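The first chain written gets the first letter, and so on, giving A, B and C; residue counts start at 1 in each chain.
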Amino acid sequence: MKRLLKGGRVIDPANGLDGEFDVLIDGDRIARVGKGLPIDGAEVVEIPAGFLVTPGLIDIHVHLREPGQEHKETVATGTASAVAGGFTAVACMPNTSPVNDNANVTSFILGKAAEANLARVYPIGAVSRGQKGELLADIAELHKAGCVAITDDGHPTATALLLRRALEYAGMLGIPVIEHCEDTSLKGDGVAHEGFHAAALGLRGIPGACEAMGVERGILMAELTNSHFHVAHMSARASIRGVRKAKEAGISVSCEVAPHHFTLTDEALGTPIPYDTNTKMNPPLREAADRDAMIRGIQDGTVDVIATDHAPHHLDEKNVEFDRAPFGIVGLETCVPLTFDRLVHTGIIGLRRMVELLSLNPSRILHVPGGTLSVGAAADISILAPDLAVRIDARALRSKSKNTPFDGWEMRGGVAATIVGGRPVYVNPAAGVAL
Amino acid sequence: MSTEAPEQGMGLPPATSALRHKDLLGIDQLSAGEIALVLETAVAMKEIGSRSIKKVPALRGKTVVNLFFEPSTRTRTSFEIAEKRLSADTLSIAIASSSVVKGETLIDTARNLEAMNPDMIVLRHASSGACHLLSRFCRSAIINAGDGMHEHPTQALLDAFTIVERRKRLAGLKVAIIGDLLHSRVLRSNILLLTKMGADVWVCGPPTLIPTDVTRFGVRATSRVDEAVRDADVVMLLRIQLERMEGAFFPSLREYFEVFGMTEARLALARPDVLIMHPGPMNRGVEIASEVADGPRSVILDQVANGVAVRMAVLYLLAGGVEHEEAA
Amino acid sequence: MPVVMDADRIARTLTRIAHEIVERNKGVEDVALVGIRTRGVHLARRLARTLKEITGDDVPTGALDITLYRDDLMRHDVGPQPLVRRTEIPFSIEKRRILLVDDVLYTGRTIRAALDALIDFGRPRAIQLIVLVDRGHRELPIKADYVGKNLPTSPGESVQVRLQETDALDEVVLEPEQEGAA
């Protein structure tokens, strides 16, 4: 069947498009993009004025928890959360149980994704077998089974040597190594950013230098191996500085920032709810100077990608003493509102840059399809409502877990609908797009 | 209507008429007037301890649970005596006998206790914020008896009481707090209390044991012990734990004593009537020399004695509950 | 607002009570005064001065705060705790005749609390009760041994005793029932 999206503002940075265009979808492909396209038997979808039609958003840092931790999230609930957040594809981290360090686990995840049939799922394999930091995982086999990158995320790659080998090997396959940058000796048993607020609350600190050490190590290994090194969930101003210098030096490095790191600071540890475990993540919420450095990095192009680090945890796991709670928050369904509200409407970035950060650059870094509305490309499309009034209700999240610090937040900008392979997989009834 | 001031001559700001909180989670939540109220009430409570029958019926029929997830002889016994002197029914649960070892969460433990309808829970826990967590899930009044590295409010109140007893004021006094500042809940409660009451607070320790941005609390920080002690009205020593050597916070206990240990020679820099305080338990020959701990200027045992009176005051003041309009 | 006792009347009443004390106890040997905070304490100190003038002897005088013995303590689900003030009885009450002093005798509940409190300090030979005003409406079987003035009142009225030490003047006032006052 054919669908004609009529009247939206199309933003497709890959093709240099920004304006009122119609988009014709034929089956699972984009057939035409142009002004005043003939209806020609297509089902017409009127896009309200001011709404955006963008290439499908891609979140390259998501924990789907399956296999092994289905009480937190499953591929089905995680992808339901993704499409409700405007994402047509997610890349999922290998720290499942068992670890995604072999083709069986990769195939299992892809099978679950096909069953759910919502967002596209791109598994990310482990760097090391069992993520134990000793032997390399079967990286080529993982790649063949569908993994688009490797990482030991959850932890840094154990040694500089192992990271070097992983980069060399991944370089052969043309996939990036994604690194959770952290010097574990500096982290110690820290649970919050080392600063005034952690000191006041008596929480053990994790200094920004702890992350920057990992960033610098990775950059040096990327230079040594001439392979692509990607910095996950960057939070510290020293890390941004390192990446900026490395890019100037022509080293193959890219990086991502999570919405909570461009929105919140460590002040959230104590207020409004003291010791709210939904303000506990790794890397931690840092001080205002770090948060501002993330915003500047997003603005000046140092930051390539906004990725959520969607990390679901069950309520019972979070309802414990702060130092015993697991790190992480869910992020898929709050990313677009936060990006609009905190970055676009504040004038920090334009819409084109937003689409680069959330769609084009993710597709390029992981070498996955999408990121564009080119004719013949898969019809993965996000329809966004930049002025929609959004109120986050944790209980209403599609994700199986509700661990968000943004419960009750009111923001401007949201998701109207999500189309994957020409098929509407999410329609926000509050936005008024009839699909 | 004019009324007699409860206790004259304490040199404190005017006391509020009530402690308008459900819980005592930290000094952080108290105003200067509320701190004055606790200290003034403690004066009356201290007198009870000097009677032949050291008991009043104020908390008759109230049940207080002392829930201690960390070993603590001093604080637990102090609370127990305070509760008994107020005629409360008390029950003490220590970690070894609790079901925590069986993997029960703090919230479940508290909910099970609440099913037995206690009025107050006195909580000691190794995790910072444990009392805040409990207060979100419990009807009972929660009294923080030390949570991780966060606060130990009754310790700071008894320290203040001890200083006021001797010096008749807190405002303007130079108080030097020396030792392991980083891991100390006593430090946090004390600097919050003393700065609210207008004292000039100095903190001192090796740079490895000074919390980040501690000066934002309104205190002066130094690693030069002479600078901290000079002209001090009060020198408060904090416990140095042997385990900290493993974290490379300092090289050895011997070296710590050499650089930071409180000796008579160092005390010569302080005011002649300086008060020596220590929240205990002391490491003699590490943070404090025996001659100082047992010397004439030491009020360390007064601190212990005053602990009971201050805890009685806190128990009594919180037992009244919170007024409707304040809770709304 | 009728003044039922002025400064002169209060002074003469206390002098009369002091003479009654001496007469009844055949001197002031073994006698001690304990005033109930707040105004009972001031009355007790005044009586001690008068007794000294009459007998030449110092009568030990203490202050008792009965707050922690009140029978209405903790009986309200909410509400701030009454202020606790210091009890000062710097002498042994064992085998002494204790003269308990309060300003107004009303329901008798304060005196019940004071008796309980006193007993915690030891076993006196006897306790006698002195009040400046007895306004009636007893709820407990308590009777004063020395009464400055019997003042018939209705329950809605309020008796205010003001003393120089706290209120800058001496007077007893009977205040009428107040509209809306609970």
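Definition applied: a contact is a pair of C-beta atoms (placed from the backbone, for glycine too) under 8 Å apart; a residue touches a chain by one contact, two chains touch by 3 or more.
Being a predicted model, the structure only gives us computed values, none of them experimental.
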item	value
By mean Cα position, the chain sitting nearest the middle	B
Remotest chain, chain B as reference, centres from CA atoms	A
Distance from the mean Cα position of chain C to that of chain A, given in whole angstrom	76
Whole-Å separation of chain centres (CA-atom averages), chain B against chain C	38
Separation of chain A from chain B, taking each centre as the mean of its C-alpha atoms, in whole Å	46
For chain A, residues that touch 2 or more chains besides their own	none
In the complex with chain A, residue positions of chain B that touch it	105-107, 125, 127-130, 132-133, 147-151, 185, 188, 211-214, 216-217, 247
Contact set on chain C toward chain B in their complex	37-38, 65, 67-69, 73-74, 76-81, 83-88, 116-117, 120-122, 165-168
Touch list for chain A against partner chain B, complex	188, 194-196, 198-205, 274-275, 316, 319-324
Chain B to chain C touching residues, read off their complex	2-4, 6-7, 17-20, 37, 40-41, 43-45, 47-48, 51-53, 55-59, 61-62, 86, 313, 316-317, 319-324, 327
